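Two complexes follow with chain A in common, the first pairing it with chain B and the second with chain C.
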Partner chain A sequence: MSVLNTPNGYTMDNSGKRVVVDPVTRIEGHMRCEVNVDENNMITNAVSTGTMWRGLEVILKGRDPRDAWAFTERICGVCTGTHALTSVRAVEDALGIQIPDNANSIRNMMQLALQIHDHIVHFYHLHALDWVNPVNALRADPKATSELQQKVGPSHPLSSPGYFRDVQNRLKKFVESGQLGLFKNGYWDNPAYLLPPEADLMATTHYLEALDLQKEIVKVHTIFGGKNPHPNWLVGGVPCPINIDGVGSVGAINMERLNLVSSIIDKCQEFNENVYIPDVIAIGGFYKNWLYGGGLSSQACLAYGDIPENPNDFSPEQLHLPRGAIINGNLNEVHDVDPRDPEQVQEFVDHSWYTYGEPGKGLHPWDGVTEPQYELGPNAKGTRTNIIELDEAAKYSWIKAPRWKGHAMEVGPLARYVVGYAKGHEDIKNQVDGLLRKMDLPLSAVFSTLGRTAARALESEYCSRLQRHFFDKMMTNIKNGDESTANVEKWDPSSWPKEAKGVGMTEAPRGALGHWVKIKDGRIENYQCVVPTTWNGSPRDTQGNIGAFEASLMNTKVERPEEPVEILRTLHSFDPCLACSTHVMSPDGEELTTVKVR
Partner chain B sequence: MSDFAPDRVLVLGIGNVLWADEGFGVRCVEVMAETRAVPDKVKLLDGGTQGLYLLPFLEEADALIVFDAIDFGLAPGEMRVLRDDDVPAFMGAKKMSLHQTGFQDVIATAQLMNRCPAKLTLIGCQPVELEDYGGGLRPAVAAQIEPAIRECEAELARWGISVAAGVTQADDLADASIRRGAYEGGRPTEGEACRMGDHRFFPGAEKVRA
Partner chain C sequence: MPAIETFYDVMRRQGITRRSFMKYCSLTAAALGLGPAYVPKIAHAMETKPRTPVIWVHGLECTCCSESFIRSAHPLAKDVVLSMISLDYDDTLMAAAGAQAEAALQDTIDKYKGNYILAVEGNPPLNEDGMYCIVGGKPFVDQLRHAAEHAKAIISWGACASYGCVQAAAPNPTRATPVHKVITDKPIIKVPGCPPIAEVMTGVITYMLTFDRMPELDRQGRPQMFYSQRIHDKCYRRPHFDAGQFVETWDDENARKGYCLYKMGCKGPTTYNACSTVRWNDGVSFPIQSGHGCIGCSEDGFWDQGSFYDRLTNIKQFGIEANADVVGGTTAAVVGGAVAVHAAVSALKRAQKKNEEA
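Now for the complex of A and B:
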């Protein structure tokens, strides 16, 4: 038992009851969180760990750099395209390949489609169930639900009492069939659920509408990427030729397909405006006392920026999603971010199951080394193959600790919006101010779990407007006679330098994503990905700074430790791409109960 | 032959090819496309680790056949076929990989939307090794690809669909660089790139190793 003050301002007390939230997945790697709660059930210590080895260098070493995207696309179960985009950008950067204007617009539309898809699916199908109770929706009055709908989203056409009655009957049938299915893992009698039945029915109805919409959104990937899941990408551009007058030609983008893309963009915009944002405001209105979970967001935020207006130009003023770093809680100063600078992005391993040979050392990803050293600390409980409780004073995670100039940073939609707001980004500022006005909340409310959830909704709406912008831009370009989508001048490895290194950056839905590649004799010599969940879920660093997940859980009250819905709300607000099961342990390490939660 | 005669069948391979035998399902559809000529009413799809992305494909299908590596608690490399109600029930009992959780959700979602295929068949294989990141199929699992495809053919035959030897052109399969031959053949040696897994979440794999 000890009390520790971290350099980034937290007091960590690991006495009291330990609660373990143990997500189980195998995509970006397993994540697990352990927290200590005091006698008032207040979280006094938080430990986030990646419980699984995932070294991509293991796979990519010696491969053709032009193929790296296809491998990285398989890392994650959700962010396939964004890894592929980051990968082709890294290789193009290394080899000095310039992509054509249409390729930039198409890549942006694909990336934006991914953002919108991910944000909507995250909110309605993963996160909403932390706030919305579909079982309670069975008690709603359809007429009152219709009135609520017309009040919060007057432009949404699906709002009649009959419509909500139909959905309610469908839901009833589903629940009565005994297979609660998707909804079986909730704590539906937990007092933390505050919505009246009508709001629950409205949100559950939108859950179903979002399911239909998300199927449309991914068609953007099918059209531009040739197929989905796992769309095709290409170093030098995009693999889809444009043949605007073509009829039924296989693979080429013709007017018919472009019209389909245009209609999907409209549908996204309508849904974001009329359903998603109104829902966040309506649901958030019932949880206005829930302003926990801000963690590092008011202190240290990082965004690489994305969605370049013009091809091959990643200067900050050219990026629609902002780039910058905020440290020490100073929102008056936004630092520029240079992923090539060996002093900026560094990874530390003092609390990770790796070794650099000497303690306290940080390595830039280009020089990244992945040498495992799996050992539990003296105070860990359990065994090497069955950990019951970690010892966070020692090595405790398979995730390295990335730091920006030594600072632990939060990444993701909220970080992007904090950076954008601090920079005076007009669209972002208008959105945030407008939302706060409607909800009658102060700016400080942004730094919270709800703020993270709201930033995602605002970003989804902004992204659908950007999609329209790039669609129109591409159409103008095509009308001016430019149908080029790829530059294959440097396709042949004989045209490459003997050695080269590059970096690719994107803003994945869950935050800043970077791939660093070194190429030698036409083959990959080193490849390092620093993914958003590495930033957010990072363990402590040499100085003891805690990461974003850990910081966000601190000082939150867990009403029922055996149903830690508060922990899940905050962790899910980061969209960590995980399913999880929750184990609650007594202070002596005995498991009290196991609850499976998605 | 049963009375059931679907107009559209989805043959889906799911799993993560980067985790050794996890890739079994994806490799099955890959080999099926290379060695069989399936009629147009049968769609071969590499589902990878995707969840909701697969929903539209399910909704279009009258019947679904899934290849997957699943922990049945059998001997490594042993195969089992499950049908209809047993499929989601079984998948719900295991939560060892996100693609299963994800896929179980996809089935539940399709049911919620009243658009689930009328028939579900799961052709699963007990993995030998899961936690070898970057690794390929182990011989005992690779040896089940052909028998698994024959199970699939037999199921299709029961539904009145015949499959001939030949090749199927399918756009929805993995990029050439990560098809099995290139992927397994191009792997760096253990000396060049360290390999190490975490045993904790794979009791099946551990049991096998013991």
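Now for the complex of A and C:
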């Protein structure tokens, strides 16, 4: 048995040569990928495996719900803050806490800062080396590079031939030193790299510029939350008080702090407009014919939506990032999403290293059960502590398989943009149409690895504009005399009901993120997170549907099977975050016994 | 193998003048809390040293330490990576993957036996034969042991590697274990915090490159230059504590005046770190300055010390002098341990020297 048809429309053939990539690098956390290729080097089967598990949800049981943001924030240090925001929203939902207007604006500015930061760092520092060859940049003519820069990003001030010559010299000495560091063993002579040397030099230069910029972007977190990574949050609002001109305002959010925030918003806007989007267009232009990797994006997309215009109102029309689900490739119908509906979001474990006691069962997160069961299938090669090849017909990942009404879904910037486009979201539609016009591409080109990468850049720019919007909104509010940042009416646990349950949703940089909490007697009774990379990186489900990573790799041509350039390219386009996806659940101490998380 | 360039060579070839180079050295000295007398020493070191190979491995973690590291403002992360160290393996940032990544790791170990620094972010889980964290099909703890065998020294980045952090919080389902409990025969520098401050991370690396030695460590194995005093000792809100002026509830009048956060659960009085002096993200702020108490993230087991909003009960609330006495007592205990610390450091230095000779 080597050929299998999946319900979601893929033909999986594992008879060809097996290629294993482990570790998959330039991602957050630990991941493994195996594919089969046929005699033409086309991928005919894909297997994506989460290779770490931390058990945070069980650690949360019995703790103070007001502390949960700090624990869940440590699920991920790359998308830092987004789990914390989701957590305070879940607890506030459970306890019926209303946050003040300024707190909503500050939270939005922090969440948007994360989006922008994460997208820029992802593109330049995790993804770029899949398209850009820094070694080839040594052959570039600095003068021609300067001309290219002025053509694609005329407003970017760093564009002189001398500037590019300096960077090239620095790079040259680095390479000639023989200590290649992070570039060591790269695939620099692989024919999959298509950029001319000048574009390589320009992009490598921006790798360094972006490294300098990213440390500025996060200062929005530092100002409002005290540090980054892992700023501080508060159930009921935000911890930072506003004091514009009263006694002691030097110890609070004052004019100097606000000016710093404003200057950072400007810097981000400039970089997005003058560097990030022009780079994506310039680099994308050379890879226009490499339209692999669409996977589920044209079939099944899910977004919870985020960035509420007003506090405490999460209705879809009030969210700047759209909410909705698309299934069966029907872009004419966007379904509403309800995280409380037990029939919508469910997790399956038939191919995950967990068991529900009976096969084929799906569980809603409020009723989630988790019990680990690490075992390799009968056709796996190697041993349980030295895996050579996995058996995907059996259990093969530390990631569960979440499904929306039974469908495997893609989440993330592209999913958000597909949902937004289908809903006629004006800003999103204008951005997408503009980009396609500039690149002379049809709408169908969006459903690809490149489309995923481009959606992220567009979203970064959109988020910069939203950041400015919420800054201005907060200033108007302060001008009108409202300096409130926290609601403490229900801070004291004695004011809480005996039992309560809530859900918090955000759009993390990588996609739809939900936390489900049950509170009893002032303590956490159950806590479940279903995170973006659990959706995208999920293994097969009971029915055999493959997840978004696996779908996106199918039918891709690889130039050299032993050099995973194309595999990395497409996996990276999702910005995988494995610490997020595999945090789930359970056992006590050293004994791996059954524990029900509920 | 071509001759390895020194840090100074690299800087000069990048068009940096001798004058700017010396200025850089004085800034480095200042950042490390060293006097002007050290500037020529730093300059000499930078002029003569090749880039030290660094292997950076990742266990169970959230990658906040790497994220913090790239935030460093002085020196800039790009200068550290391009000009100071040779980051030969780091699965979060390296170009190669799979077999080529594993080969890069092995090459570095073979080529620089006893001369590379091993940086560990995260920790190994020991339950389920270590398979809660898999790298290259095998338990991460195997990779850790393998890379540690020929390392000159180990840096345990952050709370995970130093103490276990969040995945080791009760009931520690995976038996996540700090590095020093798995590797017992190497000098280990703990740089705790969740994450550590960026400039503390690059400060520790720069110190080691500059002086070619381990920093002085306290009895817990932390560099004393950054971890020997409590947040409370140097907190700019300390006068409000001493005057009995406290925030009583979130966003009250006292919060807006920047009063002390002790009653809101601040752990500054029991937390050893540099947050109130170095501050975060190029000195922009630190938790207390932004209105939230310290949660004590650089302390061992800080997840299991009750709620972050519980008031500390082991320090005196209002009695200023009584409190100072308590503080004095704590300090005495640390000083009392100094002899042991010194001995430990000497042992580490001997171990290091032995490695160099080998």
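Here, the second predicted complex is superposed on the first by the 561 of 598 C-alpha atoms of A that agree within 3 Å, B and C clash if a C-alpha of one lies under 4 Å from a C-alpha of the other, contacts with A are read in each partner's own complex, and residues count from 1 in each chain.
Rule of thumb we're sticking to: a contact is a pair of C-beta atoms (placed from the backbone, for glycine too) under 8 Å apart; a residue touches a chain by one contact, two chains touch by 3 or more.
Keep in mind the model is a prediction, meaning the values are calculated, not measured.
When both complexes are superposed on chain A, chain B and chain C clash. By the touch criterion defined above, A:Ile75 reaches both chain B and chain C. With both structures placed on the common chain, the touch criterion links A:Glu371 to chain B but leaves chain C unconnected. Of the two partner chains, neither chain B nor chain C is touched by A:Lys479.
Once the two complexes are overlaid on the shared chain, A:Ile388 sits against chain C while remaining clear of chain B. Residue contacts after overlaying the shared chain place A:Arg437 against neither chain B nor chain C.
With both complexes placed on chain A, chain A has more residues touched by C than by the other of chain B and chain C. In the superposed model, A:Lys498 lies in contact with neither chain B nor chain C. Contacts of A:Pro239 after superposition: chain C is touched, whereas chain B is not reached.
Superposing the two complexes on chain A places one of the chain C stretches 9-17, 243-251 or 297-305 into chain B: stretch 297-305. Residues 24-27, 30, 51-55, 58-59, 63-64, 67, 70-71, 74-78, 80, 121, 125, 170, 174, 179, 181-182, 208, 211, 214-215, 218, 226-230, 232, 372, 374, 384-387, 398, 579 of chain A contact both chain B in one complex and chain C in the other.
Every residue of chain B that touches chain A in the complex is listed here, in rising order: 16-19, 22, 46-56, 59, 88, 95-99, 101-102, 105, 108-109, 111-114, 133-134, 171-172, 174-175, 177-178, 186-188, 192-201, 206. Residues of chain A touching chain B in their complex: 24-27, 30, 51-55, 57-59, 61-64, 67, 70-71, 74-78, 80, 121, 125, 170, 174, 179, 181-182, 208, 211, 214-215, 218, 226-230, 232, 370-372, 374, 384-387, 398, 578-579, 581, 596, 598. Every residue of chain A that touches chain C in the complex is listed here, in rising order: 20-30, 32, 51-56, 58-59, 63-64, 66-67, 70-71, 74-78, 80, 121, 125-126, 129, 166, 169-170, 173-174, 176-187, 208, 211-212, 214-215, 218-219, 221-232, 234, 236-243, 246-252, 260, 372, 374, 382, 384-388, 398, 483-486, 488, 491, 562-564, 568, 579, 585-590, 592.
By the touch rule above, chain C contacts chain A in their complex via residues 1-2, 4-5, 9-10, 13-15, 51, 53, 58, 60-68, 70-73, 76-78, 81-82, 85-88, 90-104, 107, 125, 127-140, 142, 165-167, 169-176, 194-195, 198, 237, 249-251, 255-259, 275, 280-282, 284-292, 295, 297, 303, 307-309.
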